[in-house]
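For clarity, chains are labelled A, B, C and D in written order, and residue numbers in each chain start from 1.
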Amino acid sequence: MGKYVIKRIIGIIPLLVVVSFIVFLFIHLIPGDPARLIAGKEATVKEIQAIRHELHLDEPIFQQYLIYMDGLLHGDFGESIKSHIPVMHLIGERMLPSIELSLLSMGWALVFGILIGVLSAVFKNRWPDYGGMVTAVSGISLPNFWLGLVMIQLFSVQLGWLPTGGADSWKGYIMPSIALGAGIMAMIARFTRSSLVQTLKEDFIRTGRSRGLSSMTIVFGHALKSSLIPVVTVAGLQFGFLLGGSVVVETVFSFPGMGRLLIDSIQLRDYPVVQAELLLFSFEFILVNLVVDLLYGFLNPKISYET
Amino acid sequence: MAEIVTKTDYMPKSRGKLRSFCAAFIHKKTAVASFFFFCLLIILALIGPSIVPYNPQTPDYNHVLQGPSWLHLAGTDEYGRDVFSRLIVGTRLSLGVGISSVLLGAVAGTILGLISGYFGKWVDKTIMRICDVFFAFPDILLAIGIIAILGPGLQNVVIAVAIFNIPSFARVVRGKTLEVKEMLFIEATRSIGATKSRIIFKHVFPETFSTIIVYLTMNLGTAILAAASLSFLGLGASPSSSDWGAMLSMSRDYMGTAFHLVFFPGLIIFLTVLSLNIMGDGLRDVLDPKSKD
Amino acid sequence: MTMNYKKITWLCLIVAMIMAMTACAKGPSDSESASSAKNDKDITIAVNQNFTTLDPQNVSDTLSISATHAMYEGLVGFDKNMTIKPVLATDYKVSKDGLVYTFNLRKNVKFHDGATFDANAVKANFDRIQGSKGSLTASHYLKNLKDIKVIDDNTVQFTLTKPFSAMLNKFAMIPMISPKAIKKYGKNIGLHPVGTGPFEFVKWNQGESLILKKNPDYWDSNYPKVNKVTFKSVPENGSRVAMLKTGEADFVYPLPEQNVKSLKSSSDISIDQTESTIVRYVSINTNKKPFNNKKVRLAMNYALNKDTYIKVVKNGFGSKLDSTMSPKTQFYSKQGVYEYNLDKAKKLMKEAGYPNGFSAEIWGDTASDTMKGMQFVQQQLAKIGIKLKVKAMEQGTLSNEIYSPKTPDQAKVQLWYVSWSPSSGDADGATRSLFSSESFPPNGANTAYYKNNEVDSLIKKANKSTDPDEQAKIYKQIQKDIYSDAPWIFLGVDTILSGHRNNLKGVYVLPDGSINIKNAQLK
Amino acid sequence: MYDLLNVKGLKTAFKNNNQRVSVVNGVDFGINKGEIVGIVGESGCGKSVTSLSIMRLLHDTTGDIQDGKVTFKGENLLDLSERSMRKIRGKEIAMIFQEPMTSLNPVMKIGKQLMQGIILHLKYSKEKAKKHAIDTLKSVGIPRAEDIMNEYPHQLSGGMRQRVMIAIAMSCEPELLIADEPTTALDVTIQAQILELMKRLQSDRGTAILMITHDLGVVAEVCDRVIVMYAGRVVEEASVDELFESPRHPYTKDLIESVPKIGERKSRLYSIPGHVPNPNQMPNGCKFAPRCQHAMEICFNKEPELTSEEKRKHRCWLYQQNNVGREQNLGSK
């Protein structure tokens, strides 16, 4: 399996090169001139030209890409056009809170999503099922920014229990993670339910019962594991998205994550930051996919990694 | 496209189908309730502007930011306009954006899915790879990128949302096509020498139709949410329109002072999406019991 | 058999509770920073944006300027009313011809890293800016600088290529960095600020907060009076207000106007108002039909009720814009406001040949107050039959739309809802970029494509003059000419609103929107 | 009365579209220790439901036991709490199923599945359970038992999997093994091996076996006594020899008739005309009457009782209303 992982990781590299090129083109396709945006409103054409030259923006796009890739190969992601701060530093500072928030959101979404899903499947067509599924459908239907605003109004302004945002204490993570996790939890709950309902119809469940195993052992020891494959798939996909940062929720909670950095950078046409962030994001996404694939193997021994 | 289903040779079959569908659907009480709620919304979207108590665009600078009362059921906004009337009038915009973007995405996705599923091999591989790439991007980032290129405005929101709807339709329809392709009657039709396009659109497509309907309903909810998020970020509907997302976006500054401005648009979005999701669930149970979420 | 799953239910509940508890238990380790953050002499300031850089010679946004001004000082600076006063210089002298500026430097001033502030340090700073070949923002201020000479340890002399009346204001925008730090950190100086100011840099969490601490060796031993200052960026207006209410923040800027009412009832919160240098207007493309007709432009001005504008859009805070610049800007001269007069507006429209109005687009960025203002303009102009389409564009797109046309005829902009604040509070900054015909985009921000030969020559004349009285007279004429031509819909001057807890004193916002924390004091 | 298991008046109904449909309707039979009893019948006759009802394994179905008694070693299983019932399942009564492909958990190693029951019921330590598990695997004729402990079901062949199933069932030395069509899904050669194995286990350990099958060949090969079921009822019960020699119930006769016999040349295989009646459209009288060649008027009106005759039982008017038919039949013997 170790071999398989190494093979997959090596396989990522050409993919990233392609991604970097697409991303590069994509960004430069967006109308707007970073030089104009940083020079300020009083700047003259001459000043802007000087900046464009400094940033190599006056060269053909392919040339620019080569310059960028050259830096990349030397481990240099460049510096922000706007602030001259190294991109790695900018992203590094945002990545940790983003990862923490993603993990927290995903963590509780998984725990509660699976719990609700299990309850619903086990009590299929009875009130816990209805309750669980109402929660789940509501979770999917809630606009997360609205949920965030309502929570701020309730828990911060009215009750004063939680800070309105920021990431400087663990309390700041609670509401954003709920706003982010609610929809994912709902999705996981639904997938767990439908998958578990299928599994509970399987013959081996009856075998288990015929051996005197308790419902607890049956559900958690036998049925859940083989029901988790679709759950892992959605969870993986969603986790990938989470790592990329959630623009809307980060805005509402003024959370210093990757999403806001990306939006700010796009608005300022801060190319190096946008490029690095999208590249990193693709990398994370591919990585999450790899982990999901490995989890498949763990969940379903029939899958082997010979390929 | 829908007319293909109602073509004469399918008439008897589809009518029988319709009846049995109604019989089964009627048992899903919540789904039926959601269906009626959605119908109500459609009616509001159609006749809304002529029944509202106030002109949704007329400002009244002497009565700004008033809370809900019998006079103004959902209060007034920062220009003294009646929020209730604006919500009703906004139904057309918000549903319109959702429906048109999903339909656009569904048409494109279905065609891609049919082609991909039917022809297989490299066609399938290419289309699915591209879909994977689009799938891998978070919806909202993709939309922001698209809007950054195309510029803001509702029609571009429709395009952006439609684009990220394409892969999900393509995937589902492809899966269904693969299934249908192996069915006997398709085999039979092929053996009598029907053309490819005829097989795809007259025989395969109708079989995938119920799946598409289910996905359409479910994705409509997501599309409305996405459009609202974009408007919330200021990238969607013109701020002066009564689009629900735009209303939310304009009102969040009043969160602490006039909470009804934030509350009601959010509530109506929530209820709409909720009803669509419940309806979609009901439809899925009836039309396409095999497919999971 | 129904009881079969009872246990599962219990298990689920228990797991849920354990999760909830562990979530809470995560607390103690992390919460230390949160709970200990509030000390007697620590203050928290919530602002609406992120800091972009802490390189004082490369900042362009007001917020980052505020932060750098807490750590850095220039030779001269602004007081509360935007008048120039000496800071690191004890006094200065300008030659008659306006070409030579001589500064006597303050003695016994040390940078935070122990380096001595002297004439060589000043030169090192100006060398850095001029050596940047335009990539540092501060180099824009030094376009007319010829050379800098060290006379002795405590005296420096600057020579200009041509007289520039606003030069002192520009000097105020150039803070001094420790020459040792410039060498040490190079390009990364923006991450490691070392100045002479009352506060020293502690930590900058990107996108979240900036922490400063007291400089114990500050040259003015009366300051600073607080130990620690934390800036937090909180873009969501409602959240910022909530922080002030809950005491999470001691000072909040900007304070959303709509929240003033709800905060006034609170006994431990005070609200400060400062008239700003920020003017709000709609620039009208005078090069385009029908806006090339002065009567149309006047009609638009008369049709717009400025009182209601202030009441509705600004929630009652602000004043009418009665000139091309704010009263807080140098050489301001009051003009007669186009008071709301619908009949006159309609009459003008008729005379101009548009009795039934016309359709047009109004552009603006996606900030919520811009969008609100655009809608208001739309509603008001509808009364004289002008049907406006509100088009809110994301910053980058907007700037591209406005600045990419190479000639006035290519410009697509019709109406632009925007604000302007001269970066150093000087009349030149409030005039040349906006009204000189040399400043048509892409060369400047004259998006009204306003061209008036008399104004053009007056602007040049004002720059050459070294006599403030003469300058005042020239700018008076300029303002009069432009105002009567109505290249803008003149809306209002922003009132800056900030809120603070009553136990905090001495933090204030300058008319240009930057925050001064030097005098911060807790009671 | 039998000394191991007594089933009396067992009635099981399923809910279908808000309608209760009896699938097992008043089944009576019993099993003695060490005996192999077969239940035969066409699919849908309720034989599998009977076995599931005995084990009370209707959890994941809409089924419900309505009435009756299932006495196992003097205890009515239907009165037991779910908790006590779990102690019976797998320990006292074990069960193996038709589909060896799907009856094992595909994502759990064989060893773990095997040990789970051993640890649960015999309270063995992990090491001891492992040793016991390997021994059991060996006893059902599995080579390389140690390796197989660490393998997943999909790595084994169908016959091996069924052996594993039997090993799991036998691992706690149950007194009764219910085998629900254990060989149906297997190749003929493997079938014989599995039946051989079951017979051996029965004679070695004295485990009673309830063999549920539709295959009379299997019955003839392994069973001591046979119960024939039709439409949720027992229609005949007899020892294997008696049943094949002189079947009483016309249904039994038809069943035997429909089995192809070696050496006999027939133009066509015999098949019973008509279908098993739909559970919610049961005929009034004898449930077999509509398909019966000997049906009389009474057969359509009144259902016959299960009547004892010496050591055998049958449910048919032919033997109850008058003795003529009976004597005729006896005469033919």
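Here is the rule we use: a residue touches a chain if its C-beta (ideal position, glycine included) is under 8 Å from a C-beta of that chain, and two chains touch if they have at least 3 such contacts.
Each chain and its UniProt protein: A = Glutathione transport system permease protein GsiC; B = Glutathione transport system permease protein GsiD; C = Glutathione-binding protein GsiB; D = Peptide/nickel transport system ATP-binding protein.
Remember, predicted model here, so these are calculated numbers, not experimental data.
Colleague: Quick check for you: compute each chain's CA centroid and the global CA centroid, then name the chain with the smallest gap between them.
Modeller: Measuring from the global C-alpha mean, the nearest chain centre belongs to A.
Colleague: With respect to inter-chain C-beta contacts, which pair, A-C or A-B, contains the greater number?
Modeller: A-C
Colleague: Based on CA centres, what chain would you say lies at the far end from chain A?
Modeller: Centroid comparison gives D as the farthest chain from chain A.
Colleague: State, to the nearest whole Å, the distance from the C-alpha centre of chain A to the C-alpha centre of chain C.
Modeller: 35
Colleague: Approximately how many whole Å separate the CA-defined centres of chain A and chain B?
Modeller: Those two chain centres are 24 Å apart.
Colleague: When the centre of a chain is set as the mean of its C-alpha atoms, what distance in Å lies between chain B and chain C?
Modeller: So the centroids are 43 Å from each other.
Colleague: Distance-wise, how many Å sit between the C-alpha centres of chain C and chain D, to the nearest whole number?
Modeller: Once rounded, the distance between the two centres reads 87 Å.
Colleague: For chain A, which residues are shared contacts with two or more other chains?
Modeller: Within chain A, the residues that touch at least two other chains are 30-32, 149, 152-153, 157, 214-215, 251, 266.
Colleague: Provide the list of chain C residues touching at least two other chains, using ranges where the numbers run on.
Modeller: Correct list: 4, 236, 238, 242, 394, 396-397.
Colleague: Among the residues of chain B, which ones contact at least 2 other chains?
Modeller: 148, 233, 252, 255-256
Colleague: Any idea which chain A residues touch chain D in the complex?
Modeller: 200-215, 217, 221-222, 225-226, 299-302
Colleague: Under the definition above, what is the set of chain A residues touching chain B in their complex?
Modeller: 26, 29-32, 137-138, 140-143, 145-146, 149-150, 152-153, 157, 187, 190-191, 194-195, 198, 230, 237, 240-241, 244, 246-248, 251, 262-263, 266, 282, 285
Colleague: Can you list the chain B residues touching chain A in their complex?
Modeller: 135-136, 138, 140-141, 144-145, 148-149, 221, 225, 228-229, 232-233, 248, 252, 255-256, 259, 262-263, 266, 269-270, 273-274, 276-278, 281, 292-293
Colleague: If you look only at chain C, which of its residues touch chain A in the complex?
Modeller: 4-5, 7-9, 11-12, 15-16, 19, 23, 26-27, 30-31, 33-34, 37, 50, 52-53, 55, 58, 60, 133-135, 137, 140, 187-188, 190-191, 205-209, 232-236, 238-240, 242-243, 245-246, 248, 394-397, 399-401, 403-404, 420, 423, 429, 433, 442-445
Colleague: Give every residue of chain A touching chain C within the complex, in rising order.
Modeller: Within the complex, chain A contacts chain C at residues 30-33, 36-45, 47-48, 50-51, 54, 79, 82-86, 89-90, 93-94, 97, 108, 111-112, 115, 118-119, 122-123, 128, 149, 152-153, 156-157, 160, 163-171, 174, 214-216, 219-220, 251-254, 256-257, 260-261, 264, 266-269.
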